[in-house]
Amino acid sequence: MATTNGSNDLSSEMEVDAFRRLFPLRFHERHLLESIRPDGRPLGRARDTTISLGAVASANGSALAKIGCTTMLAAVKLEVMTPKAESPDEGCIAIDFHMPPICSPLVRPGRPAEAAPVITKQLTDTILSSGMIDLKELSLVSGKAAWMAYLDIYCLDADGALFDAALLSAVAAFSHLQIPVVSLNDDGRIVLISEENSGAMWEKEPVNKEKRKLKLESVPFSLTCLLHKNYILADPSDEEESIMETFLTVVLDSSFQLVSLNKPGGPGLAHTSAIQDCVGINKTESERTSEDIG
Amino acid sequence: MAGKISNTPATYTPSPTSQDKKRPSIFTGSDWVRPDGRGLHQCRPAFLRTSAVNSASGSAYAEFGNAKVIVSVFGPRESKKAMMYSDIGRLNCNVSYTSFATPIRGQASDSKDLSSMLHKALEGAIILESFPKTTVDVFALVLESGGSDLPVVISCASLALADAGIMLYDMVASVSMSCLGKNLVIDPVSEEESYQDGGLMITCMPSRNEVTQMTVTGEWSTPKIHEAMQLCLDACSKLGKIMRSCLKETVSATQE
Amino acid sequence: MDEKREDGRAVTQLRPLSCTRNVLNRAHGSASFSQGETRILAAVYGPKAGTKKNENPEKACIEVIWKPKSGQIGKAEKEYEMIVKRTLQNICLLNVHPNTTTSIIIQVVNDDGSLLPCAINAACSALVDAGIPLKYLAVAISCCISEDEDCILDPNKLEEQKMKALVYLVFRNSIMSVLDEESTQVGESIENGIVTSVTHGVMTVNNYFRCLEQGRAAIKPLSDFLRKKLQSKVQSDVSVAG
Amino acid sequence: MVGLSLGEKNFIKGGIAQDIRTDGRKRLTYRPIFVETGVIPQASGSARVKMGATDVIASVKAELGKPNASHPDKGKVSIYVDCSPTAEPTFEGRGGEELSMELSTALQRCLLGGKSGAGAGIDLSSLSIVEGKVCWDIYIDGLVVSSDGNLLDALGAAIKAALSNTAVPKVQVAANASLDEQPEVDVSDEEFQQFDTTGVPVIITLTKVGRHYIVDATAEEESQMSSAVSISVNRQGRICGLTKRGGAGLDPSIILDMISVAKHVSEQLINKLDSEIAAAEACEEE
Amino acid sequence: MEYVSPEGLRLDGRRPTEMRQLRAEVGVVAKADGSASFEMGNTKVIAAVYGPREVQNKGQQMNDQALVRCEYSMANFSTGDRMRKPKGDRRSTEISLVIRQTMEACILTHLMPRSQIDIFVQVLQADGGTRSACINAATLALADAGIPMRDLVTSCSAGYLNSTPLLDLNYVEDSAGGPDVTVGILPKLDKVTLLQMDAKLPIDIFENVMQLAIEGCKAVANYIREILLENTKQLEFRRGV
């Protein structure tokens, strides 16, 4: 690395960690020149992703997703509701994204993190508009009872790309969701039928005959990219996000239709070519990730 | 496209059909049979891991049966501006539950109470003089409640403090006990807790043989308290050893 | 493409615009912006001393408060606040007044579609009115893809609900004279870069780029309108001072 | 907060070590207890307890409610404590909330027994009116008017006095109600029922200062404590609850010793309280 | 509803211009610098004064006068129906403000610059006229704390129901929805410092009602003076003067 001016001379004598803290932007830009990132990734590469299903026993469906260090725990709980009059055959999905104080030094108890409601809104928009879940599948008795799926996502460790990880865990939790066997009792309430007495005579025909999974059509995959000068950094870490502040999140479904393209301002501009590149990276990374998970 | 979350209708969790609720067997006079098949004085298997959260100064994950807890420790860092000068450090604790922690959504116990209990259990073990003017934040999240949540949180928090390099007099281990009829059961699960006639929780520093926190509810005779305390203290020292070995593992792993 | 919309507009036709500056007495700057029936009132207070917690004190801090027409602030409003804030960060010269906070209050007067673009246009006018140093003007527009794959500009509420997909776009306005070194180096003009993009609904990638082009083409009249409205006030101020 | 000089601190500690406290008491002596009942006319029962400069009021209100699904044959009792800023300026606004909550939970733990309801000072089954449908909800509210240490013991005593002062109206249940409907309940205006308060325990807080522990510590003495243990004991000498108030660790044998001391002290305290309550009731009837 | 019987008696048996039984006690909170309890019939309040002392929040410090603060709180059991949230509601905030402004007007704040005086009033029983009772209790507590004042502020309310001016309304009369005039006076200076009314009333009747309230205030002032004199005698006696 050639040094060009005085302060760079100083930096060459400094310890790496000190340089990283004092001149974070310069530290990262030097890496970018070499087309590598501080954690050893090439620019367009996302971090390793793992998913484990069924992490929460008390929920109907749950998943733990990790992208690098960013960890999300998502769980779906089913409750019964009376469907709305305008859509008697549809269930409902309520999504909530939480950032408890354990996930980041910036979040303090009592004051919810600023990002949490924004991500909740974006997740709700994305999941509902992607058409991944047919709300009719959540219906039990037309006009009388339907499932309300409460999806709660907890960020356990925040290290960048929160939306990507949250969406991944949400999709995984829905894929793990099992709808229990229930029947309608005399009071018009829905009751569970436990497995032991499933062999016995049912007083009433069960509404939902067997345990089943939801059909997931066109699963959305999200990838956030950082735009900095001419560089595009896929799947930024928390440190990268705080230094280079322009992100672009692309969500594509399984047939590569655009579900969401979100660039909420930020100091930099996104040119058409950059957008095309981001879409391209999303396609390759979504394939890689699905191979990862298997 | 419209936001479906607005004006969420009233919902309920479907209850099981089987109406013949099993009455606890203590009412029939026989010995209590534990729902998970353990012996009366046998603790649940404990799984402990440190450094579960990357962005915290120290953290730990604990799993005792179904009870799953993450604790993050931040600091020592700047105290809140409104705080007055203090020549010893401050400890700030917070416990919260996920909304899916309990079988019925959003029925978690009072987290304020738990936070203050956690604070009391830990304050006697931390060398607060070692970080004057600053605050150590201990935040716990109960991912899933499975009975004896508070003891699990306390033990896990002590592990996280050690992981963060906060000076401690000793590790803090905590175990609780339920009194069901004439039986004493250690490390109760949620179901046992809901039937209990009395409960006893001990938080202690095993190598110093000091109790930092103790609570008793329900009616107890003195000999019974003696017996329960002894059982809990023995279990605490065992748990202390497990915690110690867990810390050693992490250290040796990082040294390699 | 020549099929008319319900309100008689052509597909690429915008609703009538209006912009009034300095509508509030006590605010440091204010503007009222309307696109058809959608109307937003924006007020600017600041720069005030000090930044909020967790913000960089070496730069100016921008704070956006979104007041809905009725009811309380919910998640949607929080998202709008975040988008407007980050959009304005793009156009403001943040290095000029370090360690200060500028508050922008956005009051929804009436919502008839394209709410967010209208709010951004109003906020931008209010910032000019308050004399906050800006690099450019932000110009916002919404496009949507209809059931028969048409690309429609500036939809009203009814149209928004019927659309397959919807895109909110924010561009920088066309600069008149001063050359921007950076942009020539990049090889693409500043006007082509998107400041903000928010989408709802599923569409093909190609359709997105169609929206982008349509939106970009419509920026010119919008940005001319803004410039004219904002210049007129400056001139009248100068004449009063003279 | 109590601001004490080094000399004062040593004086307090030295006095405790020599079994003569600053106000002349021995380590295990209470301050004179003053009980007044029926102080709040609109409550079902109320009492005011003064111990030295500590002054607390407890009121009991009974309302008709629905029993919990998990315990259909039992009523509900809840205890709330509020710390008035008159007692301490730091309780202003939300400042007293933390202490209020701590006292409330400690009282609940000491008086309400285990989850199954066993060992409770108040027999919850006696509060049931129609199983699964109607029961009494007892709200116990404590108010700290003036504080000079040992709030928990004082509140415990005030609640005990208020409960023995409590009269719950007799209720008649309409017999013809069907199973599903909420039965109609007729609350009598004239006939009242007294509570059985013999089972209500007393709370004894042992404050450890130096190597010794004392009962009924004043605020100044509390500022010198290393730890404190509150033990509730009933008339039969059985432990009904115990909480430790944080602070330094204690050897288990010390805790056991404290329990036996508390049992010993409790006998005197219960007798003292009973006679005070009886005197107060007599005074009120006059 | 009939609030005044044909015989000219009110619901609780008082005459229209009769006040409820007053009872006051000084020094009820041992640790406070000054304290008092004040009862008007079934309304019972306690006031405690802390200060003048160091200003807690330095930003509020004033270099030419003392900072006076007031907090009004109601006990959970003070009303007929049990209150769930006793603190920080709008009514409490408003009454806190009224009491603060009233007391500030009579305290010689310029004598205690850079200091703070806290007045805490706690309602134990509410049966109408808590505002007046709180002001009276606060006056006594301030006097007990030895804080220099221009004069004792005393307060009383009066209302107008069934075409009759009524002195010192209780809860039932207060909730009848008629006009309720609360007056605070400086009796020696013969000046009004507080006047509140939230209903429509012809001006000539208003004058009558206000005059009645002022008479009430004067009666309260006499009683308060007696209590303070008695208290001072006790103190003298204890000192052995």
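For the reader, a short list of remarks on this structure follows.
Per-chain residue numbering starts at 1, and chain names A, B, C, D and E are given in the order in which the chains are listed.
In the analysis below, contacts are C-beta pairs under 8 Å (C-beta built on N, C-alpha and C of every residue); 3 or more make two chains touch, one makes a residue touch a chain.
Keep in mind that this is a model prediction, so the values were computed, not measured.
Under the touch definition stated at the top, subunit B and subunit E share these contacting partners: D. Seen from the C-alpha centroid of subunit C, the farthest chain centroid is that of D.
A comparison of the A-B and D-E interfaces places the larger number of contacting C-beta pairs at A-B.
In terms of Cα centroid distance from the overall Cα mean, chain B ranks first.
Relative to subunit E, the chain whose mean Cα position lies farthest away is A. With centres set at the average Cα position, the gap from subunit B to subunit D is 27 Å.
For the pair subunit A and subunit D, the distance between C-alpha centroids works out to 50 Å. As a whole-number value, the distance joining the C-alpha centres of subunit B and subunit C reads 51 Å.
In subunit A, the residues that reach two or more other chains under the touch definition are 121, 124-125, 129.
Under the contact definition stated at the top, not a single residue of subunit D touches 2 or more other chains. On subunit E, the positions that touch subunit D within their shared complex are 28-32, 35, 42, 46-48, 50, 69, 71, 73, 75-77, 79-80, 82, 86-88, 118, 120-122, 124-125. Residue ranges on subunit A touching subunit B, taken from their complex, read 55-59, 62, 69, 71, 73, 75, 77, 79-82, 84, 92-96, 98, 100-105, 108-109, 121, 124-125, 128-129, 148, 150, 152, 154, 156-159, 180, 182-183, 185, 189-194, 196-197, 238. Those residues of subunit A lying in contact with subunit C across their complex are 106, 114-115, 117-118, 120-122, 124-125, 129-131, 218, 230, 245, 248, 253, 256-273, 275, 279. Across the complex, subunit D meets subunit B through its residues 70, 98, 101-102, 105, 109, 112-116, 118-119, 227, 229, 234, 238-252, 255-256, 259-260, 263. The touching residues of subunit C, when paired with subunit A in their complex, are 54, 74-76, 78-79, 82-90, 167, 170, 172, 186, 188, 190, 192-205, 207-209, 212.
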